[in-house]
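Take a look at the structures below.
Here chain A shows up in two complexes: once beside chain B, once beside chain C.
The block that comes next holds the complex of A and B.
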């Protein structure tokens, strides 16, 4: 018999009786019944139609059609969709520009014992009430508020601050709320970098800029890409920020879908919009995965090639 | 001197970088500080600062609708946290200790649950709960909130189990303990900090939730954040800010303890992994 290594022991013990992953079944059952099944219902409802006046229930499923999708592609929805993609896209880029230096500073320029405290400080506001942090911006940006008064007193503004209830306010709210989502994955990637690689690059005569571009940045790429994708997905599906800061001029897809369902009682159309949103986000995710794959390939090629 | 400081020599670029970092941290905390300060604004208009006063806290506490919403929120958060831990702990241990071909798709599902726009998941749940028609308001809310939190607890427990390694379980097996014995006496107690963190996080996430609650709630069982949202839409007054600050303090304490518990076990990386 082969010798017992640390790895073979537990396998031998666990093999008796039930399959290895039995303990993971209850959660899977829970998610299947209350997460996967509901998602499938959205897809089904998206092909239904609004019931007639006397019919019961929120949806008629006798005749299924693509009508809701056709209606969802109407001009208004398409425009809001465009605005949403622009707001989420610009927000993601701004988060990356603002967030990368922060992640870099925490990972490379802060003593080790401070790092976990800073990560902690980064996460606490993100995990606490989204609603209230967004709401607080209404106080900061109010036309009669302190910031507005100060800017006018300094002569920077000639009239009260009028940024609330616009797309600009939504943009600010998005950047504010999702900045930690961008910083953390980048930080995790940077923190894992073996610093001897950076030192080696410097020793071999590459300047700080070249070292950053050719060593640090490629190694941080998985984290950066993760942050970009996550921020974009969360921002594109946001509902709270445009509701609180956007007013009627700062609408995003989230508001449009919620309005269809909660106010207009048009569940089928709302469902079709939700399916389209998910489809688009899945497309972004696949594209990001493809980009990462290509980048890694290129990196390998570049490393293998003689300079 | 720690080696970190020697990574790169001190230079103006480094100082600029650290100044930027501090500025971003100020930016992140600015709204929280502002809302706390303005909740003590005694004036009739929340936005225009007049004087320090605790007037609006008195008004806020003397509000039966807010209190009943608070009661709904606390009950929901508790039931949701129990569900999240009950399912999440076993899933997390299985993910760390019983790795196999199933792990990758299972983790994939977890990331879909964590990454999907909450709005979409909320719509699906509303449809499904309405079709089933068997749950009361609190049950709908608790189940709705628990789906995300089961995934959160599973990831926290998995990180803790992987961080600890299996040495102690092996020792127990070598000493003749049966698998279930070592599971109950060794594995579960070792998971305690992760379970506690998961419990606190699940409670807070549920307590703060807006979107799921907005869709799955029934008339009469509005949660506290939904009450605050509707009060905000109706026009902001000092009492809403006061309520908001009280809610913020509760959730920040919960989050801070949970984050500390997780960070102690996983050295910051777990925290990053949870978000990223």
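The block that comes next holds the complex of A and C.
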């Protein structure tokens, strides 16, 4: 048998040594420790009960029950959940309506050398704290604020602006805060579209609108869906914007949970609400995905087979 | 079905760069014309102006006698096979081909029949359900061709469609395209920088340089009677010998004082003009003893190159210049490197062109 030489050995080590997913370990470990484990604890807590005055720790786990869920399934939870879905849903739709044209303009009509500068300008606000920027809206929207004065001076409003501490202010704050989250993935998807495809579509007889609907939009769909899901999830779980701009009227589920955990010291009930929120959000997203799937199928059926 | 295409004094500027410079060109219906030239010569810009993707700054574009200069691409009876095929990645081959018919509202039954026929024509029927990413370059090319032809345009534009294919496939597609064109009778306008491709397929070739048409003619005419040294050098291979014309005769004196006789000089060539004498490698013959031909030189063999059916000899002249000689391989031995030979050619195969600096100008932008 031939002797093993230095030339033959390292190749074998390289081939067998490291499994492909070795590089994913640091991220996986981080995720497991700081995301999966706390989440599991929240689930466990949601079956516990408030500890007695003398007991150590935030939750008593001697007897596990569905009591917290029974308590959470109250009318107020569902009303607030409904408001949250409406605010987040409307906010997501508005973000898409405002964001898509911006992403489209940057990706399709701005020369390449200006694009990165514009994308940079989009994320510049993120250099300031989320909290500070949201507080700034209190100043802008205040009844005696600049916006109110300007609108009255222009004769658009006859009375001071009374939008602060309402649902409308929360809606506005959500659209403001999550617009870049919507724009960026759409921009990335649009920017990757080969412009010769647009030309090919026009060459084959499709005008600008048909080209947009049949070529540009379908190819941008992954980015648009990503933006929709990301914006919706972030908006639905938002707690800062309703706290700062919503007052007592603009309550969202995030506030409800925070109140239970921080103010009422009822960690088990807060946990149960958090688990329900996760479940309901997942349900809404699955439903939305299903509707989209059915629509796509119907569209395909209506168009007929090509051959 | 097919249509004439006319360009009348068309110019296109990018800033101060003249991509197309006052071009007038009439393309007869049903013909196969190639726009041939180095990159940056303006050939693709002309194609895009016919397709409607670029608007000329000056001039008129007519298709079938109608002024279409400002007409949007989707309103022209013209289809394009793009350089990178530009197949829609979210549709399979059949859907790609059906796309154009859907835009025209062709009824479903007829649409399905025409899509099937078009895919069958390019022998891609069995790949109808595949996405472009699941097709090879040659297959994508065929689908792109079917997609453009299924609309039965009166003019088909082809923007270097064979550039990405390997040599064998390219030659096969050349033959197929040519056959298809004569079957359909559609006007084909083909852009290429490959002179062999242009010679093999075209009824006529427009050789372009610096945004202008340098010469328009059939393959044989361009090869045998090039109008300028540039065309002579771009189509096929040439040996150029710089020198000065002897009076107004058909002879020239090279820089080393050797006199060569030509049978043809470009019209308008002045007395004692600075000239380039040109002879093709296949007309340069080799002999061991001094030949009787007037045009003869002693040379050293620098290399013998086997090209399959032909042999090419790279010769070094006493002044250090190179001379190429090419001949059928039958009966020719490989000459040893450094062998002393006589190179000679008949005056019938020697032409005098006005001098131009070919090396430095090729591919450079048009000077302002």
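To be clear about the criterion, the second predicted complex is superposed on the first by the 243 of 307 C-alpha atoms of A that agree within 3 Å, B and C clash if a C-alpha of one lies under 4 Å from a C-alpha of the other, contacts with A are read in each partner's own complex, and residues count from 1 in each chain.
Criterion: contacts are C-beta pairs under 8 Å (C-beta built on N, C-alpha and C of every residue); 3 or more make two chains touch, one makes a residue touch a chain.
As the structure is a prediction and not an experimental result, all values here were calculated from the model.
Overlaying the two complexes via chain A leaves chain B and chain C side by side, clear of any clash. Once the two complexes are laid over each other on the shared chain, residue contacts for A:106 go to chain B alone; chain C is not touched.
Judged by the touch definition given at the top, the superposed model places A:26 against chain B, while chain C stays out of reach. By the touch criterion defined above, A:201 reaches chain C but does not reach chain B.
In the superposition on chain A, contact is made by A:210 with chain C only, not with chain B. Of the two partners chain B and chain C, it is B that touches the larger number of chain A residues.
In the superposition on chain A, contact of A:219 is made with chain C only, not with chain B. Annotation: superposed on chain A, chain B and chain C show a minimal Cα-Cα gap of 6 Å.
In the superposition on chain A, none of the residues of chain A is touched both by chain B in one structure and by chain C in the other. Note for the complex: chain A touches chain B at residues 6, 9-10, 13-14, 16, 20-24, 26-28, 30-31, 34-35, 37-39, 41-42, 45, 58, 98-99, 101-102, 104-106, 108-113, 115-116, 118-140, 142, 144-146, 176, 179-181, 184-185, 187-188, 191, 195, 198, 208, 223, 226-227, 230, 233-234, 236-240, 243-244, 254, 257-258, 261-262, 267, 270-271, 274, 277-278, 281.
The touching residues of chain C, counted against chain A in their complex, run 51-53, 72-74, 78-80, 82-84, 86-90, 92, 94-95, 97-100, 102-104, 108, 111-112, 115-116, 119, 128, 147-148, 151.
Residue ranges on chain A touching chain C, taken from their complex, read 194, 196-197, 199-207, 210, 214-215, 218-219, 303-307. Looking at the complex, you find that chain B touches chain A at residues 2, 4-5, 7-8, 13-14, 17-18, 20-21, 24-25, 27-32, 34-35, 38, 45-49, 83, 86-88, 90-91, 93-95, 97-98, 100, 102-103, 106, 109, 113, 115-121, 123-128, 130-131, 143-144, 146-147, 150-151, 154, 166, 169-170, 173-174, 179, 201, 204-205, 208, 210-211, 214-215, 225, 228-229, 232, 236, 241, 244-245, 247-248, 251-252, 255-256, 259-260, 263, 267-269, 271-273, 275-276.
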